[in-house]
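Chain nomenclature is as follows: A, B, C and D, assigned in order of appearance, with residue numbering initiated at 1 for each chain independently.
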């Protein structure tokens, strides 16, 4: 019982971080039709800012400041670079954002060095939670790091907030309509461009949240963005490009499979790729992908 | 139950009790369509009558819920597009489907190659230039009147010329049956007229055609037989004059207008 | 391609051969060195083959390293355990690479766009993991497959230095000649049509799936030969040969040079290796940053890569002179 | 370079150039070379033409180990400075024939390259140094796969390779080469040195769970630790191979929590180690009670840069081994640290130390041989015993080119104990050289010939 419970918890926690990064990636893709390989770099920037700000002013300030900073950076990125690529092939989008990811990583390396920056978890989040005290079905002593539990909560709250925003607000209505047919909306006189810029900003904010809460776990170093990008991108593709529920589902599948294969090294190393291959061969557009996108 | 052999030999295309259900929506119900060899057969009907669905069933894009399609004596079913094409059926799409980045000549060479070499041939070291297929393609382009611009890229053509090019792509196979999905949609008047001329010329060469069209001028100018579809069923069929006076047809169209 | 009447388009093969064969004799004057020239040719060969896939059919593979790497391992194992004679090693390597290409191509070519890219990436990463971990008794794991004291020979002639260079050059020139033949063949025409409008092609009576697989396998054979040459040039196999970054580098080279032009990706390969190994030295730690910026600039301003740049220069200067002539 | 030699280089390239250079050298310096019969044969970039001796420093400048690479480069530059002008360990090293005014009358110069921590890239970069820049020796690197790839190339081309940071047994074990030398210690020595001390600290009745980075170094480290701790009476509960690129180790740590192990051995290095250690601490593995004992974490290979990355709150009290630390008080270490600090303003890392020593050792071997002729230089290094470079009396074993010296067992300092940014490790014990010396035959491998074929 303990065993399975802990594996599930770990699976949840692994998927929580993938989910956060994949969510931004798929949101931006679904609305703007842009494959943003620099999304991992946004996560990395978020983590660096989080370290820097929380060491100066405390984690509380960082929670407010980092998303705002990343929102601004996201908007600059969209206005300054990405928007010129809406009409270009996806290959070009992938390549230019990949180039940007390299550049951002190298800039951070030049400033902070290639070594990790220690990211100490704030006092209120450190330590372990004695789960057996709360959950009677667990036998004996079962503990889990508090921070990881916080990450799970933060991640799922972000997912719920995003869904709420898209499902129940006028902004969300327009964005969703834009996801389906942006030309029509532009025809109807809706300023979809400005809203799309904001969507890019929101995607960046989610990356900031991932950086804030994931940074202490993945460590803060220039290559962390690239490391996180590939599994997150797999999540997006397995879930179906542009599908938010698909991304959530796919990250849960990947997280659980990573957790449950931990003791089988040969399988563990390829599990996420194996799942990707199987799912894509059975379902051509991932779990919830739409026809015609990215084909 | 299959149609008897006699009717197969007469018909180029035989749709037998074709039904298609899209998640509860009955797009086609028990459609019987028989296209005789050498005729121009038009499909008309109000919007949503199921014309495009029927066309897609014929080309194998959509698998019917019930019924069968027999083309040139061979039943179609679970056949991929290129196989249908190799059997001798070509389709002109509603929006011009061409190879935009390639020259007109190359556009037409491809179907000509498919007709000559089959669906696949590992001819990767054959000389492309000077291949007799090029002069054949040139002739085909001449038939549609695009010979002069054959070296320019297809994407620079006007919409009407793109259609002509697509027509050239389709007839380069010398197909037994040519399907046309609204061949004059979005065309200016003079373009429409020249297209009618062109199609008439092609049909005279003995090619069987199925045309889905809105423009009644085109339909009446070209058709030997017209079938009228409404709400997934064929409600009338006959030569142009028969159809013109058929009260059911008038009702079907008026019914649409009242909505 | 373009209708310009430059000398190159008149005599492509002789001029290409001339450049390739004279390369080692002037390369040193621009900071190059023996060994790098051979490596450039090997990568150029792979980039050339990659262009048959990406440039013609438009399929972006992130798993092309599979064929390079698998063939490199096959060659390495043959040289180590069978014979330093390269003919059997290359033969087996290309066979293994081709079989691999049929298997991977058959599964991945059913999907298109990003789904294809991800599938190829996934296969590549699985093989890389296998080489690093499960199969490390055969592959040598991350230490690489070391082949001590084996000197590859061709009919008894030792393959190193200039002899190796000319072996690679001969294969590259032949490869370029064949690639041009493919480009102008009916087969090449249909591959290009796949990129242009796959749906139309299907409704034109072409078995697109087979042509795609054909293009994929041809492209993979180029990569296999390149992988095999790499190990003959340096009897050592790094697991990086199978890593997705090798595929990624290939994509970057192709885009920098100009996708679909055959010559472009080869120029891209030369530029990448030259930059990475020669220009990077004075730049020190920042070389990757500079390369990233150059790469971005090319994607933004020159979507057709160096070849587009050349075409623009040509247009600016030669059109002027054409006018004067008229 | 003269115009004539440029032309010959262009036309004939390597082989003929070598022959030409031999002829030119023989004419210009007949006295010197005539003394040595072996000098007639050209190997690699020997004989050196001109009056500079070129060294190649191939270090990671990009990628995960770029900081270590940068520190290695600093040390190399310092070593070149000292070889040309005196200072540093030149004053403490014994025996030494180094003069502090170049080597064998030639000025020492260097070129640099980027290994990218990628064996293939490292070899291409090394080739540039060898073929174009004509280095007589090259060195550096921060991982074993890169070192092994380079020493095979070195052996093929006849250039001596003085490895930088590489800890895998393979480097001087199954993949040893005649032209490759390692000053750094290895996984086997770590096991022998560390096991008795952790057994003393934590008790002989311990159950260990290993997490091992799934690459050659990890495997040798795991193997060595397992053997050494089991010899002390420990039980090995399980071992999980973790992918090299892992950043999150929670799934493995969960497996440890689920087991009955009470010690975690992290056979990780670099960012793997920073991540796994931080996360193990986060999972409470230093406070949990298992089998009636407090759980402990052991990190076999410790480095100050890694400790810095993890932060002292994570490393406090954690035991491990290290090749060298700047806080050592012997004269050699002090001389090195002082000159390094004077130059750069902060103390050197162990990677810097090993690279510095390697350069001096090579230069000294040339002086002792009286020639740059590689086989003679190699013979001088083989079996060379020296002192005054930190770690006490050290032997370059002839059979496998591995240095044997005292091994430092260290413990992470707590935030309260440390006196500065770089003061992270506390010396717990020193395991004498005799104890860590093992039989070279256990790993197999062949050094190969003195003259490359």
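As a working rule, contacts are C-beta pairs under 8 Å (C-beta built on N, C-alpha and C of every residue); 3 or more make two chains touch, one makes a residue touch a chain.
This is a predicted model, so every value here is computed, not measured.
Using the mean of the Cα atoms as each chain's centre, the chain most removed from chain A is B. Separation between the centroids of chain B and chain D, computed from CA atoms only, is 74 Å.
Each chain gets one centre point, the mean of its Cα atoms, and the points for chain B and chain C are 43 Å apart. The distance from the centre of chain A to the centre of chain C, with each centre set as the mean of the Cα atoms, comes to 34 Å. Computed centre separation for the pair chain C/chain D is 36 angstrom, with centres defined by C-alpha atoms. Of all residues in chain A, those that touch two or more other chains are 106, 109, 265, 269.
Chain C has residues 129, 132-133, 285, 288 in contact with two or more other chains. Residue positions of chain B with contacts to 2 or more other chains are absent.
Chain pairs recorded as touching, per the definition above, are A-C, A-D, B-C, C-D. By the touch rule above, chain C contacts chain B in their complex via residues 178, 181-182, 184-190, 192-193, 195-197, 199-208, 210-211, 214, 218. Residues 2-3, 6-7, 9-11, 13-14, 17, 106, 109, 113-118, 120-121, 126-128, 141-145, 147-148, 216-219, 221, 223-224, 227-228, 258-259, 262-263, 265, 268-269 of chain A are the ones that touch chain D when the two sit in their complex.
Note for the complex: chain D touches chain A at residues 62-67, 70, 214, 238, 240-243, 245, 247-248, 250-252, 254-255, 257-258, 271, 274-275, 278-279, 282-284, 287-289, 305, 308-311, 313-314.
Residues 60, 107, 110-115, 118-119, 121-123, 125-126, 129-130, 132-134, 244, 248, 251-252, 255, 285-286, 288-289, 291-293, 295-296, 299-300, 303 of chain C are the ones that touch chain A when the two sit in their complex.
Of all the residues in chain B, the ones that touch chain C in their complex are 59, 80-82, 85-86, 90-91, 93, 97-102, 106, 109-111, 113-115, 117, 119-129, 131, 133, 169, 173.
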